Structures are given as structure tokens and as C-alpha cells.
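Order of writing sets the chain letters: A, B, C and D. Residues in each chain are counted from 1.
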Amino acid sequence: MEYSIGNIAPIFLCPFFAFVINAFFGKKLPRQGDWLAVLAIFISFIFSLRIFLDFAGSTFATDYYIHKVFNWFDLSAGGQTFKVDMGIYIDNMGAIMLLMVTGVATLIHLFSTWYMHDDPRYGRFFVYVSLFTSAMLGLVLSDNLLSVFIFWELMGFCSYSLIGFYYEKEKAGDASLKAFMTTRVGDVFFLLGIVAIWQLVGSVNFVDIYAAIAEGKFVGQQVLGISLATFAGFCVFMGTIGKSAQFPLQVWLPDAMMGPTPCSALIHAATMVAAGVYLSLRTYPLMVAGELTQFIALIGAITAFGAATIALVQTDLKAVLAFSTISQLGYMVMGVGVGSYNAAFMHLITHAVFKACLFLSAGSIIHSVHEQEMPKLGGLRKKLPYTFIAMMCCTLAIAGVPFFAGFVSKDRILGDALFWGVFAGQSKIWAIVPILGFAGAFLTAFYMFRMMFLTFFGKPRDHHIYDHCHEEHISFNSNVPLLILTVFTLGFWYCGTLTGQSFGKVFGSKTEWFKILVEAPRVERFVGRTREPFSAVDTRVKAELPKAVYEHQTGYVGPAAGDEHGIHKAHLIGAIASIFIAFGGIFLAFLMYIKGSVKPLADTFSGWTTALKNRYYFDDFYVGVVIQKGMIPFNRFLAWFDMGVYDRFAIDGWAKVNRVAFRASRWFDDVVVDAIGVDGTGVAVNLFNLVLRIVQSGKIQFYFVVLILTLASYIWTINL
Amino acid sequence: MISLASYLVISMILFVVGLMVMIARKNIVAILLGIELVLNAAALNFVAYSKFVTNNLDGHIFALFIIVVAAAEAAVGLAIVIRFFQLKETIHIDEATQLRN
Amino acid sequence: MFLNTLFVMSALLTVVCAVLVLTTKNIMHSCVFLLGSLIGIAGLYATLGADFVAVTQVMVYVGGVVILMLFAVMLTGGKDFISKAQNLMGLAPTMGNTWTYAVAGLVGLVFLLTNIQLLSRLGTMSKLKNDGAFESTVNKIGHLLVKDHVLSFEISSVLLLGALVGAAIIARPRKQ
Amino acid sequence: MNGLLSMILWAPILGMLAVLVIPKGNDNATRWTALVSTAITFALTLVLYANFDQSIPGVQLTETLPWISQFHIFYKLGIDGISLPMTLLNGLLFFLCIMSSWTVEKNLKGYFALLLMLQSTVFGVFFSLDFFLFYVYWEVMLIPMFFLIGVWGGENREYAAVKFFLYTFFGSIVMLVGIIALYYATGKGVDSFDIIAMHGGKFTDMTVHIFGTDFSFERLFFWTMFLGFAIKVPVFPFHTWLPHAHVQAPTAVSVILAGVLLKMGTYGFLRFSFPIFPAASVEYSTIIGVLGLISVIYGALCAMAQDDIKKLIAYSSVSHMGFVMMGMAAMNTQGMNGAVLQMFNHGTSTAMMFLLIGVLYERSHHRWIVRPDGTKGFGGLYTQMPKYSIIFIIGMFASMGLPGLSGFISEALIFLGIYPKFTTMTVLALIGLLLGAAYLLWAFKRMFFGEVNDEVKEYDDMNLREVAYMVPLCICVVVFGIFPSPILNIMKASVGQLVDLLSKY
């Protein structure tokens, strides 16, 4: 296949043009232009599919990539040179990501035409969503951190607008502000990281960064007393923390559920929050060079476990899903940290699919019953059969039940974490990471099934709501997207075998295609690559070579032979443990919410429950203490100081001094120089009055104090 | 044993106490009391210096004038206080702000 | 010895009464303590051999000014004086509060330090040339007043007259 | 094209005369005359852009006429890549300001005449290549400003006008000392005010003898210039006139003040301080950078506490001009280009914000985000005024530097510039970036979200005229956010020359 500009650019440009056209003429188009948005993203999907099939279908070459650059602007003049290039970079990971984003986005667009149909701002929703999709695709296609940052912020803007979509609600304003500002904290660090890398490498191109790492440019570089690689890696990872809602910046994601449900599915489950993980995968060599992997693993583990515990006590359908999203993102980040590059990315993809489906199912429920508090639902299985099927499959997937996608990816992350934390020979303290991971997996199974049981099983708790629920029928834009997504929650799509282990092959020779296609970039292979101009037509001729020949030509050496035995052992233990844990969690939920034979533990651990209900007081701390008690009073003080003290005394006071001086000189002029001036006395009196007026407060004792202090200071001055 | 310094110390204490009365009290009469103390401290200094340093009687004369002035001041001051009281029903110093501006 | 005793007694009387003026809660008592302090100063004048000044001090202050003050206090009793309302220090509202005392203490301290600084430079400026003999100063002062200081004397008489008239006019109740 | 600069310079004066000639009472004729005048001027600036040769780093299109020959004072005009963006901005903003001033009622003739006079003087400042001429324009500019604030301003207008006038005047008096010193130092024998002749670090080794001590000429007079320009920018310790002036000034004057006049300060650094005193500039670049940094953070923090939306934007100007100062202090290609680009971008985005506040003020007659009694001044504007809200969002996000809109590129360039030189300051300046988003979004949340207030229910959305003068700015903000090259290509040769000069010291 030829990789000319015409084959790649439409992926990004179609939704963008849909955005532009809908923004200006959306109201005049039939159906407010929704068909345009759906069509645009579908065209993107077709183009992405072509690229994906080409990358995945031809001979496996893990490190082949398409990289085209064009000059954005050039500041070179005189003896100075400075250029900023932009470009497109597609490798196997990018191709898979493109397919996932466009596929999920297409289905969500389709679903939105049903879900949002009665909304007065139907057209505007599609404007934002189109812009968002194009930004996300732009991010995936980006070849450098700067354009990643640009699209990253654009997504942040879309997220802000969509969270604040129902702007009549005061709470929507709060939530959107919180979301934007919290991610902005991470983004600011990200920008700093970009600047730091730019200073060393001369650009922020991925290829250049990898090459610089391979050439050892980062070695020995210091900034502000710490290693540059650590500094830059940390800053970039802060971007991930903000965008992917990792501890301690996780507070915004639950509030982001104020937005319409399809936008939660698209932005706050499948794509934007996953972009953070995508970024840390792209910059993985930097994280390794900066020795940040342990830190990343720890952050991920804390987030995975902490968010799972909070999800236990949520009663809002979307809030459970929001916390489970945070938790699952924590698993991905943990995967990055423990070096489980492939599995982390696989989890990103599988999670995007099943979490999008979960949100859409939740949207389907909310649209049908107009209620999202779980205690008021129940027994909806019969009324919403298709939604039930979709949601059940996804829940099984997220809970880590074998044969489903979530099992495959999460089990691999946990297996790698187990190896990393226990068998890899580092300090035993890092065993905390797999422990938190497994504990979180148990909780995940439990709270997801709690949600299922409360919503679909048992007896309806609120008959009014139940009776008003419409019977569900198959419709191309309400539940067909759900069912399509449901198909992809099965595990074999991703690992080629039914179980994720080595038996039950489905794809024949292409088994484990995912594992072969995606692996951490080997930086030494990027040294000395030349850039291709944007207009060049690229064909994958090199990649068409048989793998062995290609590897021979390029000096490819397979993955570093690690402790194969230890890895194998860890994975076996991990897999068995995962299965038991998943079923254990499900069984516990069953006992509590169906059988009722085990009482919920909320009363037993009431203090703990209160902390969970308050989300460990993070929101209270950030908003109540840092902002309300810290920032705002400080700002008020500063503003008061600026106008009330600095301006009033230093500037206007200076003016007053001047005025006195002017008067004095006038007095001097009138009375002393111009001694004949008869009204000199008057001026003198005026002057006297003026001085009096300045100091006169009317409080005689104040004068005493001033008098005495002046006298004392005078004495001290002349006496010492 | 009795030196100039001992008188000066007493006068200093007297002065500072008078000063504090002037500042701390909110009663106009009390402030006048403080002024008397301060004036007396000054007068004492004059007499002491006249004895120890100049060795003539000019300091005494000065002390006498101070007493005269203090008496006049007390008379006028108290008259004002009484008038103020008739006007405002109080002799709180902070009420006396009419001349401001 | 008598001189020393007189000095110590007078000094103590002066200082203690002055401090009591500052700290007492009742304005009437304040006036009485002022009286004590002024008598103490008269005693100090006596130790300095200034007999005329001492006598004048007693006559004018004790006999005149303080009595005047007491009258003023009685005339202006009013609600402040009668009021049982007390502030934190247990004083009547007009007698100051913690804040004013704090400021006063601070200022007093500053001034005290300043004075000590000045006194410390006094050094060996002089010692008492105590020749023991005491002679009356009345005669000499009389001469001085009508010779060297006659102008001041006249001016002060005018001042007293003015004060007298002024006080009378000010204090006279106005017809509405 | 010869004489083009003179045409641009005097066209507004002709417009002013035309406005003055129109008899009183013909309000519409007055408005249209002013509009046509500024439109012609704007068209002329576009012609200037077309005639500008981007490859020449030095000044071009120069015009020289003798003025006061006894003192070698010339009427000398010229333009280069640093002043051209400002010229375009000046032409555009005045055109839009006249449109926004359509509703002014009070003494219409005087108002438009003064605005046109102001435009001419601002052009004069950017065109002058003779220090004396420059100083004349720099000072004359204060007169229309003083009257515009003092007559057409808000409640406290006299105070603000006098403060603005005195403060700026004080700075320029100090600057005058430097100018006179340079006059006697230039050419060593031939006294001249020619700016170009002073460029290039000719005074590095000179000393002056004052108060019995030898001072380095450069260091001493760098500071006198610095004070004059820093007050105009305004940099941190000299910034307090700005909130007063902005709050009191009428909308159009606020726009001009923030959009063009503040840039005269930073322009002064680039045109005068840096090329004339390169050694001292390099030596004191840390101080410039630190002052810029303080402005960034201090301005942002103060802005966050404001309850008056106009005051908030005024403080945000302090913050954004701090970025310009930091970019200039970096003294490398990225930083300098970023600074000049930020001057232009800030001109467009702040102008948008002030125009939008003006639109709102015409409806509400107050500007409280939160009234002093604690109630919301606005609320639910999003629902009531959708068009207005969309434009406000564009302006706001451009102002806070959202990628894809113009502010981002300049800020990113500035960060890329300062990082190699002042790493710690970069880290701190990023806090300013964060705060910049915070105060704007917080104000936006309080004004636009939530239920519609009773009072707000009576507001109409923007009318055609109001949309018409917002659209060009929206286009500027969006287009230069995606394709900054048109602006960057103008300036890069001149900036490159300046950086080359500075890098020798």
C-alpha cells in the first residue's frame, strides 16, 4: 500500500471539516448536520482500517514506521537557526490506536444520534464531538511531542465544553472548570518537559528523542540538580497523570460525568483519558532512561486500588463507571511502570472497547428510565434485554473472567507486575505493586457485579420508574452499536487464542499478532534515520520482506532474553490467581446482593465508608483547603496590597510628597524669593493646613505617639 | 550619694509615666493629669541642672514659669473639658474630633 | 543624713504616686495620687535647696491646680463616671483599655530606652558640690524676676490674666 | 512606493480635520467620516505590508526631510520587521474601535477627533527613526489619551487620567535625559538624534563623569531608558496605573491602551534599549527577566482576586506583558520572536476581551462578576447570549494560550527561549500559565454558567455591528494560531539581526 498524503490526511481532516461545516452551517443542514459528523468519522474509520490491515496483515516487522515531516514555521535569520517541524508518525501501535479510536468513535456517534435526539443543543454536541475526534486522531498521528501537546490541549478544551454542555446547571460549570484546571496542572508540567527535551535534542520528534537516548545524549545532563532524563520524563509523565486521572490528580474524572453520556463514553472512558497512557507508552524509553519506572508503577498501583475502593460505595451508575475507569487506567499505568509495554497497550484497547460499551449501556438505561441512582433501579433485565447482554459481557470482561478481553490484558499486566515485584530480584518492597493490583482486581469484580445485580437483577425497587421504562427494540442507532462493541469484548480477537494461553488457537499462524506487533521501541534502531518530506510517497516495500530477511538486513535482534523461567512462572501464578480472584469477587457480590446471605460491610467499617464516600477527601482538600483557604485569601490579600497599600502609599504617597514639595517650593517662591508678595502668608497657611491635613487623624493621642516616636528617633539618630 | 543622675532618673520615670497616662487614658481629665506629670518632670530637671551644672538660679526661674504656665493651662483646659462635657455628655477623648477636616 | 532621707522619701512618694496615677481605676483617685506625686516633687525641690520653688509648687499645684481638677472631675462625672460598664482591664470605658495600654507601654519603653541612652552619656558631667551651707533663694529670685527676667514675668502675668478670662468665658454656660 | 509611511501617518490627521469640520449635530456623518478615515488607514497599512520586503533585516521605506536643521533634527521615518506587525495591529484596532464606538453619545465630535489624533501619534511612535521626533510623538500621544480617559471615562475618571498622565510623563522625562545624553554622544562631533546611527553598541566603552565619579555611559543611560519603557509596558513595580486607567477608560480606549499602547514599551526595548546599549542589555537581562516573571505571576494572582471583569483583564495584561519581557530577556531567536509575536497576539486577544466587555457593559452598565454585596453580577449569560458566549470563549482561550489559537505559539516560543537561559524562571513562569487559565475560566464560570438572572434576561445577544467588529479579531486569533508564518516571516529577519548583535556581547 502506498502511504501518500491522500491516504493518511483524511483520517484527521474528515472530522475536522465536519466540525468546521457544522460549526458554521450546522443549523441550516437537515438533522442539524449529524449525518455529516457520522459520515466523516466513518470515512476516517475506513482509511484507518486500510492502514491497520496493511500494518497487521503484512509480514511482521515490529519497528517499521511511516514518518513524514513538513516545516511549520522557520525562524532562521541572520546567524540564527530555529525551525519547528510537524509531521505524521504511524507505527504498529499507532495503526491499532487509529483503528480503535475511529471504530469506537463511529459507534458512539451513531449512538449519540439516538441518545441526544431530544436535546435542544443536538447540533452543537456533534460540533464538539467532531472537533474532539479530529484532535484525538491528530494526537495519534503526531510525530512529535509539541503537536501531541497541541491536540492534547484541544481535547482538553472539548472535554471542558462537553462537561459544561448543560450550562444551565451551576454544577456543570464547577465540574468543567475542575476538569480543565486539574488536567492543566499536568499539562503545564508536560510543556515544561517538552521545553527541556527541546533544549537538549533540538526538536521533540519521537524519532529524534529515541535516537538521542540511544546516543547517550541524556547521560550526565543535569537540570536544577537532577538528571535531565528524570526531570523531563517526570514532567511528561505528569501530563499523563493529569489526563489519565492518576493519583493525585484523579479528582476531575468523576465530576466529568456531568457531561452527556456519549461524551463520557468517548472522551472520559475510551479515548482522551487513554491518550495519557498512550503518551507514556510513546515516551517509554525516556521513562526508562530517567529511571522512573518504579515511580510510575507505584502511581498506577495506588490509583488502581484506591479508585476501586471508592467505586465500592458509589450509588450513581455513572460514578461507578467513572471510578472503574480511573482504576483501569491505573492498571495501564502500572503496566507501563512494570515494563509490561505490550499488555498495557492491549489493556488500553480492550478497556476502550468494553468501557465505551459500558458507558453506552449506562446511557441506554438512563435514557430509558431517566434515573441513574442504582438503589432506585433493579430488575431491568426483562425490560432492556439487549442492553443487559451488552453490559453483562462488558462486566465479565472488566472483571477478568476468562475468554473475555479484560482477562487477557489485565492478567498479563498482573503477571508482569508479579514478576517485576517479586521475581525480578529488586527490593521486596516493590511487591506492594502486584499486591495492590490483585486486590484491586478482586474489588473490580465485586463492584462491577454489585452494579449489575443492583441494576438488572432482583425486584424493581421503584415501580414508578420501572413501569415507565420502555421495552427495548433492536434499532440501528440505539443498541446495535452496543452489540457490535460487545462482540469485541471477547478475548480471542486480541490474543488469537480463546484463553489467552497457548491452547485453543483461532487465527492460525497469526496467533498473538498483538504481542508481536507492539513492543517497546528499541531506541538504538532510530539512530541516523533521515526524515522524509511530507509529499513523498511511501510504500511498505521494506516491510514486505520476509521477516527473517528483514531482520537480517536491519540487524534485528529479538527481545532481550530475560529470565524466561521466572516470567513463565509469574504468569502462571498470576493467571491462576486472577481467575480465582475474579470469581471470588463475583461470588461475594452474589452473596451480598442476590442471596442477601452476607450483609454489606458498610456499617462494619463506617469510618472507612465515610472516607470512601468523600473520595478520601481529595476534593475537600483541593477545593476546600488549597483553593478556598489558600489561594483565594492569598490572592485577595495580594490584590488588596497592590491597590490598597502599594498603589495608595508608594505611588500616590509619592505623589503627595511631590505635591507638598511643589507647594513648598511655591511657598518659597512666593514668600522668600518674592518677598513683596502680600499673599505669601496665605500660601504658608495653606501649606501648613496641607501638612496638617495629611497627618491629622483627629485623635490627639495619636499625635502624642507620633510626636514622641519622632522625638525618640531624632534623638537616636543624632546620638548614635 | 545624691547626684545629678538620681534626679534625672526620677524625672525620667515621671516623664515616661506621664506620657503613658497621656496615651493610655481616654479621659480628658486624666490626660491633663498626665500633662501635669510631664511638666513637673521637666521642671524638676531644670532645678536639678541649676543646682549641679550652672550653679545659678535661672533654673528656678524657669521652674516657676512652668508652674505658672501649668496653672494657666489647667484652668483653660478644664474649662474646655467642662464645656465639652456640656456639649457631648461625655469626656471621652475620641469624641473630640470636630476640628478634623 | 536628713537630706538623704528626705530625698529617698520624696523620690519614692513621687514615683509611686505617679505610677498609681497611671494604674488606678478611678479618676478621682488618680487626682489624689497626682497630689501625692506633686508633693513629692516639692520635697525633691527642697533637697535641691530650692525653697521658693518648693513652696510655690505646694501652693499653686496642691492648693490650686489639683483642687481645680477635682472640681472638674466632679462636674463631668456624667455617664462615663457613673457607668458600671467595665472593659477587659476592669476599668471604666474612659480609663483606657488593653490596646491603649499596650501602645502606651511600647511608646513609654521606647522613650525610656532613649532616655537611658542619653543618661548613659552623662558620665562624669558633674558631682554635687555640696558645700553644706544652705541659704534662702527667695531674695535672689525676687531680684532676678524684676531685673533679668522682667519681660518673661510680665508676659506670664498677661498669660495668667488671659487664661483666667478665657477660662471664665469658655466655661460659662451659653444661653440657647 | 515612496511616501507611504507619511501617508499612513497623516491620513488620520486629515480624518480628524474632516471630523472637526462637520457641523455639530450630524452624528452619523461624524461616525462615518471617522470610520472611512480609519478604513483608509487600515487599507494603507495593508498596502505597506504588500510593499514590505521581508528579506531585508534593517529599516526600509525610509523617508528623510530636514526639520530643525540647526540641531540636526530630521523628520525621518522608516519601518522594519518589528514595527510592521505593530503598525498592522494599530491600523486594524482603530478601525474596529471606531465601529465599537458607534454608541458613544457624549460630545461625539471631540471623541472621534481625539481617537484619530491618537492613531496618528501611535503610528508616529512606531515609524520614527529620529529620537527627537519619536519623543515628540511619545509625549503628544499622552494628550488625546488624557482627554479620552478624563472626559469619556467612568466615575473616577479624573483620578485615573491624571495618574496615567503623570506616571507615564514621569517615565518619559527620565527617558529624555537619556535621549539628550545620546544626542551629545552620537557620532562624536556630529550631534544627531538618528536612531539607526546609534545602533550597534557604539557606546560600550564610553564613560560619563557625574558627581565626581566615572559611570559607564551604557549602564547609566540604559536605566534611564528602562524606566521610561518599563512604565509604559508596564512591568511589575510600575504597573499600578494600568488597572485604574483600564477600568475608567471607555471601551475603545481600553482596547487601544491594551492593544497598542502597552506594546510601545516593549517596542521601545527592542528598538532603542537593546540595539543602542547591547552590552548593558545583556548584562541586565536577568533583571528584565525577573521583573517579567514577577509581572507574570503577580499579575495573574491579582487578577484572580478581582471582582470587576475589566480589572481582571487589566491585570491579565500585566501578566501577559510579563511574558513579553521574559521573551526579550532570553535574547535568542525563539525568545525574541516569541516576544514580538506575543505583542501582536496579545494585541488581538486582549482587544477582543475588552471589546466583549464593552458589549456587555452597554447592556448591563456594570461589570461586577460578584457584586460587593456578594451576589452574582451576571449569571447564565451562556443561555441568554449564545453568540456572545462563543466569541467570548474564543477570546478567552486565545488569551490563556490554548493551542490552536494564537496565544499558544508565542508563549511556547517564549518558554523555549527562556529555558536555556533561566531554567528556574521557566518553571516559575509556567505557574503563571496555569494561573492564567484559572482566573479566566473561573470568571467565565461565574458569569456564564448557571440559571439566568432576572436582570440578564433583558440583555439582547450581539447585533450585526457588534459581530462585525469581532469577526476580524476572531479570524486573526484562529488563523495565526494555526499558521503563524505570515507574522513570523515579517519579523524574523529584523529579530535575527538584533539577536546576532546581542549574541556578540
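Everything below uses one rule, namely that a residue touches a chain if its C-beta (ideal position, glycine included) is under 8 Å from a C-beta of that chain, and two chains touch if they have at least 3 such contacts.
Since the structure is predicted, the reported quantities are computational estimates derived from the model, not experimental observations.
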item	value
Between the pairs B-C and A-B, the one where more C-beta pairs touch	B-C
CA centroid of chain B to CA centroid of chain C, Å	6
Computed distance of Cα centres, chain B from chain A, in Å	77
Inter-centroid spacing, chain D versus chain A (mean Cα positions, whole Å)	37
Chain C and chain D: spacing of chain centres that average the CA atoms, whole Å	68
For chain A, residues that touch 2 or more chains besides their own	701, 704-705, 708
For chain B, residues that touch 2 or more chains besides their own	19, 22-23, 93
Set of chain C residues in contact with two or more other chains	100, 103, 107, 111
Pairwise touch network: line, ring, star, complete, or other	other
Full enumeration of touching chain pairs	A-B, A-C, A-D, B-C
Chain B residues touching chain C - in the complex, by the definition given at the top	1-10, 12-27, 29-30, 32-34, 36-37, 40, 43-44, 47-48, 50-53, 55, 57-58, 60-61, 63-65, 67-76, 78-83, 85-86, 89-93
Residue numbers on chain A that touch chain C, as the complex places them	701, 704-705, 708-709, 711-712, 715-716, 719-720
Chain C residues within the chain A interface of the complex	100, 103, 107, 110-111, 114, 117-118, 121
Chain A contact footprint on chain D (complex, rising order)	57, 163, 166-167, 240-241, 243, 298, 301-302, 304-306, 332-334, 337, 380, 382-383, 393, 397, 402-404, 408, 412, 415-416, 419-420, 423-424, 426-427, 430-431, 433-434, 437-438, 441-442, 445-446, 448-452, 484-485, 488, 492-493, 495-497, 499-500, 503
Parts of chain B lying in touch with chain A, wherever the complex brings them together	19, 22-23, 31, 93-94, 96-97, 99-101
